[in-house]
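One chain, subunit A, appears in both complexes that follow, with subunit B as partner in the first and subunit C in the second.
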Partner chain A sequence: MANITHSSYLARLPRLRRPAWRVKLGNRVVMGGAIVLAVCGSAILAPLLTGHSPIEQDLMNALMPPFWLSGGDISYPLGTDDLGRDILSRLLYGARITMTIALLSATFSCLIGSAVGLTAGFYGGVVDQIVSRMIDTWVAFPPVLLAIVLSAMLGAGMTSIVIAIVVVDWTRFARIVRSEAQVQAQMDYVAASRILGLGRGAIMILEVLPNVLPLIITLFTVEMGIAAVVESVLSFAGESVAGDYPTWGSMIAAGRGNIHHGWWMLVFPSACLILTVLSFNLLGDGLRRVFDPVHR
Partner chain B sequence: MTGQTLFRRLALVPLTLFTVALVVFVLLRIIPGDPALLMAGPGATAADLQSIREGFGLDKPIMTQFGQWLLDLTHGDLGRSISFRADVVSVVAQRMPPTLELVFLALVIAVVLGGGLALLGTYYRGGKIEWLVDGFIALFQSVPDFLLALLLILLFTVATSLLPGSGRIDPALPVQFKTQFYIFESLVRGQFSILLGLLAHAILPAIALALPFASMIARVLKASLGDVERQDYAVMARARGYSERRILMVESLPNAVIPTAALTGIQLTFLLAGTVLVERIFAYPGIGNLAVDAVASRDLPLLQGIILAFAVLFVVVNLVSDLIVISLNPRLRNG
Partner chain C sequence: MSDPVIQIDNLQIRLADGRMLLRGVSVSVSPGEVHGLVGESGAGKSMIGRAILGSLPEGASIYNGRITFDGQNLLEMNRAQHRALMGRDIALIPQDPLMSLNPVRRIRHQMVDLMRLRLGMERREAQRRAIELLDQVSIHDPESVIDLFPHELSGGMRQRILIAMAFAGKPRLIIADEPTTALDVTVQRTVLQVLITMQRQNGSAVLFITHDLGVVAKLCRCVTVLHAGRVLEQGPTSEVISSPVHPYTRALLAATPRFDRPLASLKPIPRSLTESLWAEARTLDHFVGAQS
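Moving on, here comes the complex of A and B:
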């Protein structure tokens, strides 16, 4: 059957329906990334997207349902809370706080945890012993309780939430990066670099770190989602950003108080939080697949 | 893990617990808010405050207080709770059983649901059912347990009043228990109507704790089932003409269950930690709910006792799960 040519095979292949960049990145990265960008975008553009102030009270219109229910009004598309504040604007402005806290605390936990984990895993010995004991101790704490205690200790405000999350969550990076660095330290390329005359510190930064970086990026993405949840948990426990500035967690807490009068006060912020965490998880999962040569 | 490393792990347990105790102790002493002031209440004089501080040893240096606390601990004394005006040990001991029952219930639900979903998704792979299983996994991996708790209350208590949304037992029930393990005790005594009432109260918080956990179990078990299926013995069994169901249950599952069991053990501590908020939301009288109260009232002795109790639980859970993994994996058994 020598007359079967390349072109006839190609003709029988189904046409690629998706552009190459989508195939390469995968659905998860595209979808997760798109939602994350949408949330960030609406947080930044909040003043343009809504006419109401998130803290302006309108007690005459308190507990108004979303516009598609009877009694609702299109000027308050997602209804109002018990003080007559517009739910949509509070969600949009709340996204600013949530995203800022998520970004800051994920960045710092990532930097601290990865540095500690990389050093411990690569150098081993006494450093590794100390770090492992620290991680053992940290893991023995209930994380939620530790975060609540810490933020109670540090007082209200964004900085104390970020510190609380970083103190609790740096071990997540340290643990995983440490074991990966341990594996990498045994590889031939490390031995080769030593023969070439590179110092240990240089090998760690120039050779090992780039190989651990995909893992760190994946962890970072997932940590953003975790940090968003912890921020809400702390707001919910009443230990978050002070004042009436909206956060999703404080909206959820208010929704719990009004659970019998207005389900929309609880459902909309919950949905926002779930969607955000879901998209970070999708993004992290997708990135893991993109970086993993076996999956590629 | 060999016997030697297990022994090393055991030897490290006291060290870990000691460090936890030290960190907690120092941490709590830096919390702003004077516990003496909270205890004395409004209208207390400076002399009252001074006598309370002396009574609880709050006026001594932190390290002296820690030494005294450790010394008392060796006698099984964790001090007195400020807000309950009772022994920390007895307060914690009273609140621990409800939490253990809740966690056990959640664990059972999670293992059955997660395991079942993983098997279903693997058996019907490539079809709608696998797609649904994957969807469940992705969704509940992303819904934090405290949100789930609130949404369950909204659905089953507010919208439909099918199930009670708070407490542990109907206060109108004329029932006396000998232990704090109500569910276990009513089961043993054969009081099934009471058992049903207890389960009705516990089921929503248990589901809230179980669903994220079930999604984790389903994800890991499904992935390991997929790995195992490509192994030679599974191919061999298929070549011999065994049914897919048999290959899945007899050949794949026993091998795939090991990594799942290992991770379940580690993640069980997250389930335990989740009780803090979930119990709070359901007003369930367990140790997690107690912890939030203790933070709010700055009840330092109680908070120390609770965190230490959690730490003991965590360390025990990790050890036990290591032991289970060793006993499941024949290659590790005689290491």
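Moving on, here comes the complex of A and C:
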């Protein structure tokens, strides 16, 4: 009995085998990473992927359905909106805004939040007290509301959106990096390097930071997803990049009014947003597993 | 005899709540000497090392006494002066080799950073020296071992790497805090041999903290027996072991396994003895408290 199970298990082994890099990274990282790369790629290559301008209006062809429905046209693969603009081009160009804002705001909130959190967690004492109280105060505000108020105050434009997201979201990094740095600062290798005479700054950068880095990378990925949502919320509320430049959020807002006679105006941008955020979260979750020392 | 490298006079360490950890310990170690500090858990032997290294646990502080390193009073130094000695003139070989290396950095980077920052070496020179040190602590194939992570190495190898790091600055005093406790008995021997070879090559003095009298008998010229933060007996190892004066030393010897005696002859240290020693120590505390 035992022998039979054993040999059948062995016989099945070769089929289970996957390339080493896939095993090492895991399905989540591969899936999430592939979708993120695809979205980034199509954002960069937008002019090559579509023949239409995202802002060119063609009122004769307004509210044209996707090509597989009757009345659709293959030159407008995902249909047109109420002003006759090509949905696909608007999605592709909108991805540029979403991705740029996600990347920029995640980068800045990561840099600021990690630096503050690392210092507070490692040094402790008064520095930690000040930073912790600041984070507590910050977290007490509803984040999206704060971002809307901020971008309304700062005015439209990409810079003000990035600033609004960074100002709201740096605490996410600061809070988590702080507690991890605090744990690492208690480790024996930190005490050992202190006894070897390394200064506090050197220990923080050389010893603690490399141990916190996996966490920061994971958070960074998740933050990009969050920033994408916040950007869409802001443009939905009309507080995003000025003018008629397409963003997913403003497309969703426009689609909401046309839901009865042009569902594609709402569904496609929503699907893009969901897919992007989902892939960022998958990637972040997968990276967390890859970096987990127990799994390594 | 030459001047001692380190001289500890009447060191008293006390916790914030007034309990005493060390009750007036004096030890001195001359250059090139290996001095054993023996005692059971809680005897305060590690506290002596930590006082020298300036890393006393939270709440513990030095109440009285002097620690003189090379003619300078360590306890009167400011942080920067003290730090300047650490890793160069005074180094530690820690108890737990797994926890004392950074888990996410390769051995090369840990060693090179230490030598660049503490010993002012160039990167190239530091790498060459790191490989040379690994070779000296008898690590086979140092060029490839240096690029491994700590978790890829055995406990004995990690401890030898920490020994290499401790000796990087040719320190004059090494504090070895139970360096083999976390290791397999079979590995202990090699690690101790490496430690002694390095110590002879560099002429460093070693304060060897352990609870293993057998190891002390092999390695140390002099030994200090501690209990309840007090020195019970001190002197050349051969004399202390062959003709112990204090009943506690005799009990400790009887509790140490030896090859030439049957295992059944091992006796645990009698509780009445330790209890009376603790009582004695507390009575002395009372007098110290009355004086201050």
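Please note the rule applied: the second predicted complex is superposed on the first by the 279 of 296 C-alpha atoms of A that agree within 3 Å, B and C clash if a C-alpha of one lies under 4 Å from a C-alpha of the other, contacts with A are read in each partner's own complex, and residues count from 1 in each chain.
Definition applied: a contact is a pair of C-beta atoms (placed from the backbone, for glycine too) under 8 Å apart; a residue touches a chain by one contact, two chains touch by 3 or more.
Keep in mind that this is a model prediction, so the values were computed, not measured.
Annotation: superposed three-chain arrangement on subunit A; subunit B versus subunit C shows no clash, the two fitting side by side.
In the superposition on chain A, contact is made by A:Leu266 with subunit B only, not with subunit C.
In the superposition on chain A, contact is made by A:Ala237 with subunit B only, not with subunit C. In the superposed model, A:Ala191 lies in contact with subunit C only, and not with subunit B. Looking at the superposed arrangement, the partner reaching more residues of subunit A, out of subunit B and subunit C, is B.
Contact with subunit B, but none with subunit C, is seen for A:Ala140 once the two complexes are overlaid on the shared chain. No C-alpha atom of subunit B lies closer than 20 Å to any C-alpha atom of subunit C in the overlay. Across the superposed pair, subunit B and subunit C touch subunit A at no common residue.
Taken in their complex, subunit A has these residues touching subunit B: 133, 136-137, 139-146, 148-150, 152-153, 155, 225, 229, 232-233, 236-237, 252, 255-256, 259-260, 263, 266-267, 270, 273-274, 277-278, 281-282. In the complex of the two chains, the subunit A residues touching subunit C come out as 187-189, 191-199, 202, 206-207, 210-211, 213-214, 293.
Subunit C makes touch with subunit A in their complex at residues 53, 55, 83-88, 91-92, 94, 96, 99-105, 113-114, 117-118, 162, 165.
Residue ranges on subunit B touching subunit A, taken from their complex, read 12, 15-17, 19-20, 23, 27-28, 30-32, 138-139, 141-144, 146-147, 150-151, 153-154, 158-159, 269-270, 272-274, 276-277, 280-281, 288, 291-292, 295, 303, 306-307, 310-311, 314-315, 318.
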